[in-house]
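Letters are used for the chains, namely A, B and C, taken in the order the chains are written, and counting of residues starts over at 1 for each.
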């Protein structure tokens, strides 16, 4: 019975993922075919003058651009089903390889920021919630509201100005020093390049977690069981340890997993400011350069990434919260 | 005395904050319109000057006054944000009404919300801008098409909650028509939510506008948008011209913050249950 | 008051007042006086009941004594515990150690902590697990209940966990805040027994309730509370006959309004022979069955007939499906099988449903954003005479629901259901949360209308005494569920 339920749950989620991918594919393909940008043009790039109409025709033929949009979609789709995401126009190599490479770089950035902003945000939110209405709460709240209104890329620019330009502690950009082979870069050098973008991304992400944690904690503190705990003489840290953490940790962690989309949005901006060679930078270049296969590939990949985050958030509730765990799965 | 001020005048304080926020925003709009394009003229003799009394925000590499550029940029951002927020809210309203029609429609709208939320916001914006071909139109369409899901979800939830409320069930048993119930029970409850939701959409829309323009998908480089100003400033960062990025970004932050304050205060005023907690 | 025997004085409340700063729609601030000139005291081994209508500020007294009032409350007067003033520092020291609370709601248990752990947290010395298991046995909880989370327990069991928590705490003063609302007779009896047990063990108990009947079965002394003021402190023995020994008219009225006393007062009752009417006109519940999703059936082939002018009572255990049945009959839910026939037809009525349900919680049955006038306009019931009969004051019409008490709101709900086109009324625990006087008043109006206008009434309640008073016949719900 129990296993049946779990199997059903997994099946349901897989079904959902498949419909989602199909829908996102159709949506993004439609959007892209609406675009006024000529894919042949973007393929040829700067060599435009040297390419005659005949060659253009050949290129269009090669990419299957003369077929109907539906046919193009089906072609792309059937390749996709065989695991072939196509070839990037900009980088002239398979989209899958580029995504894998770039994603690893982005993952380091996002992972660091995710962990740090989660811990720090939870801490800040807990302090603010416990001390609701005091000056410390006001400071934390003000800080978070300010951050929530801060353009992430501007924050990045400020950090560059302070730490790289004025103080010279960190390099201005690039994931690895220019002219050095990727394999030769020391771990320290990598971290040095990772630090500022990760800091930017962390600072921006803190606000969301902290405000949510604070809100939840205040709700918990207004609950009947906390009032009762007060009546039993539980206050301050004891109260927080016994009833607070227990009731806010799961929502906070879940929310944090469900925020992968926002996280990647921030990463796109941070990577752009710091010229960090991650997936975010790749998507911007793909968009600006009309690299359709890469753009589609990244969109699909990010959809799965966000879906996984949501899936984990959802599953955590089912596995941890006894009200759901022991109830209907 | 201080205690009385703090507690006694919550209503006045809230209203005062709303009025101040609206005044400030009006000031930006008016100044943005009043300043002619001639103020943006190039003065190569005054290029790259640090902030001074004549040019509080400094000048750029073409000698243009950064304060004027910032104000112009904010006005454009405001316009884009306003338009996008209104369009988004209309989409949200339409979708939540459709969702309330029957279970099938509700499932469809929920699925649509999930679909739009499953692609990272910024990536979707890039896609749509790419499709429309950038520019003012592209940004507005992109922002409108990406900002409705959260508000729709909120409105749909409220609608469901009200529809299952005991007093609505009673209204039905008292023989009231669907339309009567929608008019008297639903809309009166939803309109304030929609309005506040719309105001709270502004900050998001404006920030995303700036971000996408900064990335190069938004407004064209001829327009003095904040995103453009900031992305241009990147080229001059290593020369130590900090004012090129600092003041425009700070101004944007302040404007976004004011919209946020405006929306939250309005919610406090409309929804007394939020008010109790202060 | 005089000291009873040699027992020590535990709690003394003198000229106690309490008010709130609060915000209404649009953040208009008002000061709301909730308690005025309250006087009472509790000795060791004594149970003192505080009786007042819901929303009269009784629970706030409990919170004031425990020092857990919300920030915007302002209190005045004297609160003494064991002869010394209760300062906020002292309150923090005494909370849970010397003064302990049995809270009103079962939501007072932490939803994510196992119950045994919650009880053990209060025990300060000794083998915590042994003590907790002991107390569970004492209040009649199985030991396995300790390994469960609150959501896995029934309401009655959760209440026992709360009582157990108060019992292990070694407190000298126990404050029980409405521990009995909506309990069926069996659960009520158990709760009362537990509280008496506490007093026998030498503890002082403050028993807060809206239900004077329960108060009289539990307490030694009764403090009567009306509109935030103490009206009278009386011994339980004073409540007898027609209340000749009671001093205050309000207390007398409260006593006399009880179903077992002079419930109907001087209102003339129209008693008529209902069963002589032609049988074609009737509400027939024809073999309905219902269950939630694929759960067990709540009832199967339930059959029930209400004839015009007849008042039928239904009683049964909580959670047995009475409310669901009421909702099906009144058209709020669909039965899995079976029909509800009004005068022989499975009506698809346009206009008002001839079967109207009055709900238990009036505050949920009225749109919180509407003025009361609009509520009446919606139902088309602006009959002045009726409003007067129900005691609805003119100035209430311009108020919002949040500005009226539950009893006041329920009068509007009753008015709404007495529409001329309504032939049958289903009343689902409509006066459970109300004080005795309002209860008597509402029932007088409903029964009178039923008789004069031939309206059939189905009364659902736990209160056997009430059913005996107002109903022509009483059905045990368990007898008709066919399970």
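Basically, a residue touches a chain if its C-beta (ideal position, glycine included) is under 8 Å from a C-beta of that chain, and two chains touch if they have at least 3 such contacts.
In UniProt terms the chains read A, B = ABC transporter permease; C = ABC transporter domain-containing protein.
Source: prediction; values computed, not measured.
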Taking each chain's C-alpha mean as its centre, the one farthest from chain C: A
Central subunit by CA centre of mass proxy: B
Between the pairs A-B and A-C, the one where more C-beta pairs touch: A-B
Intercentroid distance (Cα basis), chain C paired with chain B (ABC transporter permease), Å: 48
Inter-centroid spacing, chain B (ABC transporter permease) versus chain A (ABC transporter permease) (mean Cα positions, whole Å): 22
Centre distance in Å when chain A (ABC transporter permease) and chain C are each reduced to the mean of their C-alpha atoms: 52
Multi-partner residues of chain A (ABC transporter permease) (at least 2 other chains): 133
Contacts with two or more other chains, residues of chain C listed in rising order: none
Where chain B (ABC transporter permease) touches two or more other chains, by residue: none
Residue ranges of chain A (ABC transporter permease) touching chain C (in the complex, touch as defined): 133, 223-225, 227-235, 242-243, 246-247, 321-323, 326-327
Residues of chain C defined as touching chain B (ABC transporter permease) within the complex: 21-29, 72, 330-332, 349-353, 356-357, 359, 361, 364-367, 369, 378-380, 416, 419
Chain A (ABC transporter permease) contact footprint on chain B (ABC transporter permease) (complex, rising order): 111, 114-115, 117-123, 126-133, 203, 207, 210-211, 214-217, 230, 233-234, 237-238, 240, 242, 245-246, 249, 252-254, 256-257, 260, 277-278
Touching residues (chain side chain B (ABC transporter permease), partner chain C) in the complex: 7-8, 10-11, 14, 165-171, 173-176, 184-185, 188-189, 268-269, 272, 275-276
Touch list for chain C against partner chain A (ABC transporter permease), complex: 63, 66-68, 71, 92-97, 100-101, 103, 105, 107-113, 121-122, 149, 151-152, 165, 169
